[in-house]
Amino acid sequence: MTPLPRPPDVVRSAYAQLVVTDLPKARWFWVDMLGFHVQYEAADSLYLRGTDELTHHSLVLRQGGIAALDHISYRLRAPEDVDRAEDYFRALGCPVLRVPRGEGTHGVGDAVRVVDPLGFPVEFFHEIDRAERLIQRYDLRRGAEIARLDHFNICTPDIPAAYAHYKALGFGCSETIEGDEHELYAAWMYRKQTVHDVAFTGGAGPRLHHLGVATHESHQVLRTADLFGSVRKEHHIERGPGRHGVSNAFYLYLRDPDGHRVEIYTSDYYTGDPDHETYRWNVHDDRRRDFWGNAVIESWYKEATPVLGLDGNSQPVTDTILDESAVQVGADGLG
Amino acid sequence: MTPLPRPPDVVRSAYAQLVVTDLPKARWFWVDMLGFHVQYEAADSLYLRGTDELTHHSLVLRQGGIAALDHISYRLRAPEDVDRAEDYFRALGCPVLRVPRGEGTHGVGDAVRVVDPLGFPVEFFHEIDRAERLIQRYDLRRGAEIARLDHFNICTPDIPAAYAHYKALGFGCSETIEGDEHELYAAWMYRKQTVHDVAFTGGAGPRLHHLGVATHESHQVLRTADLFGSVRKEHHIERGPGRHGVSNAFYLYLRDPDGHRVEIYTSDYYTGDPDHETYRWNVHDDRRRDFWGNAVIESWYKEATPVLGLDGNSQPVTDTILDESAVQVGADGLG
Amino acid sequence: MTPLPRPPDVVRSAYAQLVVTDLPKARWFWVDMLGFHVQYEAADSLYLRGTDELTHHSLVLRQGGIAALDHISYRLRAPEDVDRAEDYFRALGCPVLRVPRGEGTHGVGDAVRVVDPLGFPVEFFHEIDRAERLIQRYDLRRGAEIARLDHFNICTPDIPAAYAHYKALGFGCSETIEGDEHELYAAWMYRKQTVHDVAFTGGAGPRLHHLGVATHESHQVLRTADLFGSVRKEHHIERGPGRHGVSNAFYLYLRDPDGHRVEIYTSDYYTGDPDHETYRWNVHDDRRRDFWGNAVIESWYKEATPVLGLDGNSQPVTDTILDESAVQVGADGLG
Amino acid sequence: MTPLPRPPDVVRSAYAQLVVTDLPKARWFWVDMLGFHVQYEAADSLYLRGTDELTHHSLVLRQGGIAALDHISYRLRAPEDVDRAEDYFRALGCPVLRVPRGEGTHGVGDAVRVVDPLGFPVEFFHEIDRAERLIQRYDLRRGAEIARLDHFNICTPDIPAAYAHYKALGFGCSETIEGDEHELYAAWMYRKQTVHDVAFTGGAGPRLHHLGVATHESHQVLRTADLFGSVRKEHHIERGPGRHGVSNAFYLYLRDPDGHRVEIYTSDYYTGDPDHETYRWNVHDDRRRDFWGNAVIESWYKEATPVLGLDGNSQPVTDTILDESAVQVGADGLG
């Protein structure tokens, strides 16, 4: 077997493009309620970012016929990494599309889009427009006061395959959920020095489980939930607020008007040391998903966003083999 | 019918005496984890208070054979109010016991104990020993950093009767939960200038639903939950953290080693104006119990602490007529 | 000497009316930055309240030629207390003006205005219009998210006289600052069950030192300071954020565009027990004004707002006898 | 001129070793009050770490005759980087000492110690013992609840030289303070993906200005100040709490019993993108050192910790050329 070429040097999870079916409603949710800043606006799309982000966007909302993930996107260290990404995924036998600046996402330079071995539409780029510094514009903060995109969480039926793919791409693994025989139920993997840029939730896939977006402190997470209650939109709150066992982050899961899930996430930990060790949770520890032992609601395990292929059609979905939600563990068991 | 004598002038909910079956375990929960300060200790009992309390205790834990509420206790404005309490409850035909200083609870002066018309063991007193000021002893704070007792919440099958009894005692009503025909499911009543000193939860009664204890800020409530997770005692967490619709307080419900329920409670509002109006929640508003629409766990509606009579025996329990937990309202419905 | 008539039953500090010289600038400060809600607006005045307040206003800003305090105002328990107030201050020999509903402040009923023995313009009323409940309208919160007026702080040269006057009016005393011979440098006095409705700062008077307005938690105080920095208006921040020794509250002092001082204040303690004891600070304890020992800036001791008489003219000012700011105490001494 | 060899790949600021003159007093400050965890204890030294740190220590306190900095220490990416560090500093003509495992600091492997061109004692190592994960041991948290070392801040008279040295070592520059002609007053430089691992304060040097240690949220910083007040040790608080302009972090500066300065620091921002731009503050912007415009106390500019050479003797100090504290800027000017 020919060895794979050197993979591209991924810096971090950079942005996601979601297809939404009602852009004004999506705007209400992401801009008015979560406090994303509108960086750029086109007829059928919104380009959004958090207050700490210095690049053009971390979220694109595109009007379309069915709610879906158009693609997730990783930033690469150098321009030549885009070529490396192309070579790497071609060598893997994946569908690959080169997208020159001006033909792809507004603000993003030369890029490669692939359907990765897990079936996900993934973009890799280096160049992206800079954006005005809003870090200290407290006067512009609204709602959840989102600081930045933190991670993607994806549903895939074969967690070991997802782990192996991202490991080969140079990702470290901060935490896992494992069975008694070390069978892998979930994994959290990173390039930037946080707990993750991407995580895998066992389930029918490829589907997007959620986007994780960061705030600075936990009181901003509580405020977000209070805001939804105050306008009688509390049904957008799906799970939490709570403390994760995995990552130790404080969290809140919301569903946008199309059902896309977003996690408001704060206060995980540094993972940048070269020998950072994986922390392994047993699937029977009922603190793994909620450190306080609160039950995980069934929709959180079962529902997710379909993903598109390079042709813009929904990718077919395969069922899971190993079902974490079927494990009977205290309040958490949904069997 | 003879008119009732003038009722005693109640200042506030003052303390509760709980019977616990394992005092060292109870001490771990209330002192080590919740951070109550041990003011006085006898062979079979602990006298505890929060850091903002300037009187001798707000909680007495007494070792006994079965977990129960021995009594709740209200402070009265003046020494002569103790006589008024005696006269008032005798006129109501309730069992009444006068307890002179030295024969009752340590630190408490002349008192009257009654079984009130709702079947609850209730003490009324004026005199109580002062205690050293700990308000600014941040160095002594531990765990939940409880500042003070806030309220009693009691289960009673007949909410209108409970409302009428406390109204006659001079309590104001800050909030209620009502059906479409204004049938009363729950009520929050106060003497001090907060949302409540006592609240009624519909259910088999007389039983104690919970003690509410106050912290200054919401991050202390989150810390409490984190602490229980960190020592693998997360099963003591029953419900929350969350935001109440009623009272707008941020809350966390815990169960002590005997199953006694305590609410960590913070950030309600001022009710001291003479014409403060009752705010009425409809039982179908799924924000009433949790402003974020999160479901109320069934045990929270169904389980409670039995109460003792003046003879120290458990009071018989009557089933409820109107069952809030059976109302089908979004996530909250448990039918 | 004829004994004084029974004083009126004061419920709480209710509102202040400030004269501002530029109403749009004042609106920017109090509404846009501090988050007061505009309840009513006239050509030359704004009626404002905090989100937890259920009465018409707690602050009136009136356009005028010189920055001044028009009056502070206390709510009384019953309609007949207005007559009692009139009789009481007439017996004291003070200038008294009866202001029937419709002739005084919008939203306020029958009132009495006096120049009290300390030279301050003070109103007493019972009736006030109700206002829509905003307690849970998190969507309307802005800026400092002010919940309610907490207290008035007034400069007066004779603290013992101020203490005696308010004591006679039925106020309790929660805390004092005293010299080695118990000479009184400052006192905090209350009717509602908090640390104070009014406090006295030694200094030339009568002048208004500041209005104290409450938020729920300390992170809201920090946000306020951040907001002023973010719009390059940090010079409105005069002192803090910090922790008071007296009251244990977390605080921030700001100056409005006219120099009127406001304190953002949170997290003091309950004082409602009938025998609540005064806590006495020694003037040499450098934690009394800032529990962290940070220096008090000189302007805070020296500058204050002039007050108007019943005729609308500025009241003459008398210099102080006992000067706390001259006491040499660590970082705090300004001598 | 021979080109310099390739510099070592620095991962992050790793630990500091301070000489303290009274180890029990230092333990009170760092362990009891700040909440550092004692990882290892020898007769004359303590090895401490924060709760999020997974390596052996981030602070060593060593008993000695005079209060000083023994050395700061950076972790390197790979074992061979230790050789690179040796070669690099030898080529620079600096004093260099190779310290094999077992002969240097407990828990640290093969290391190189140098006196860098700025006169500072600096260690470079790769290997360090792992330590038990305490990230979720909320039950062990105390005091300031320090999570990890964040940065070193050093006083040096020649900021451009310091900048050039660290730039050559591969550090990025997140922020600066500059004069009108772009003369450099201060700079913040990083290897890990935060605002800094090291910063330079203009002043007589080489001296250690402070160690920066991180907490998760701002309420932990407030708690720290409250704790010092509560035990009447408020004089250990030198400056703050406040919000920095530079870094946007929330801060508190304390002095330990020997006068060593520590900053409690929280909530800066991500700097890991390859083209992260330097943000430049003008020295006349009075928000640069405190975003709220509060004055910087003179001791903060003038006092610092002497540093030792490789022989254990104090390094001589050179006076500064450019004095930021002499710049007249609002409240901040100390001229």
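Letters are used for the chains, namely A, B, C and D, taken in the order the chains are written, and counting of residues starts over at 1 for each.
In the analysis below, a contact is a pair of C-beta atoms (placed from the backbone, for glycine too) under 8 Å apart; a residue touches a chain by one contact, two chains touch by 3 or more.
In this text the structure is predicted, and so the values were computed from the model without any measurement.
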{"item": "Residue-number overlap at the subunit B/subunit C interface, same or different (half cut)", "value": "same"}
{"item": "Pair of chains joined by more contacts [C-beta pairs], A-B or B-D", "value": "A-B"}
{"item": "For subunit A paired with subunit B, centre-to-centre distance based on mean C-alpha positions, whole Å", "value": "44"}
{"item": "Length of the line joining the C-alpha centres of subunit B and subunit C, rounded to whole Å", "value": "34"}
{"item": "Length of the line joining the C-alpha centres of subunit B and subunit D, rounded to whole Å", "value": "50"}
{"item": "In subunit C, residues with contacts to at least two other chains", "value": "136, 217-219, 226, 229, 245, 291"}
{"item": "Pairwise touch network: line, ring, star, complete, or other", "value": "complete"}
{"item": "In the complex, subunit C residues that touch subunit B", "value": "11-12, 52, 54-55, 75, 77-78, 130, 133, 135-136, 147-148, 192-193, 216-218, 245, 248, 267, 269-270, 272-274, 276-277, 279, 291"}
{"item": "Residues of subunit D defined as touching subunit C within the complex", "value": "218-219, 222, 225-226, 228-230, 232, 234-235, 237, 241-243, 245, 250, 286-287, 291-294, 330"}
{"item": "Contact footprint of subunit D on subunit B as seen in their complex", "value": "136-140, 217, 219, 223, 226-227, 229-231"}
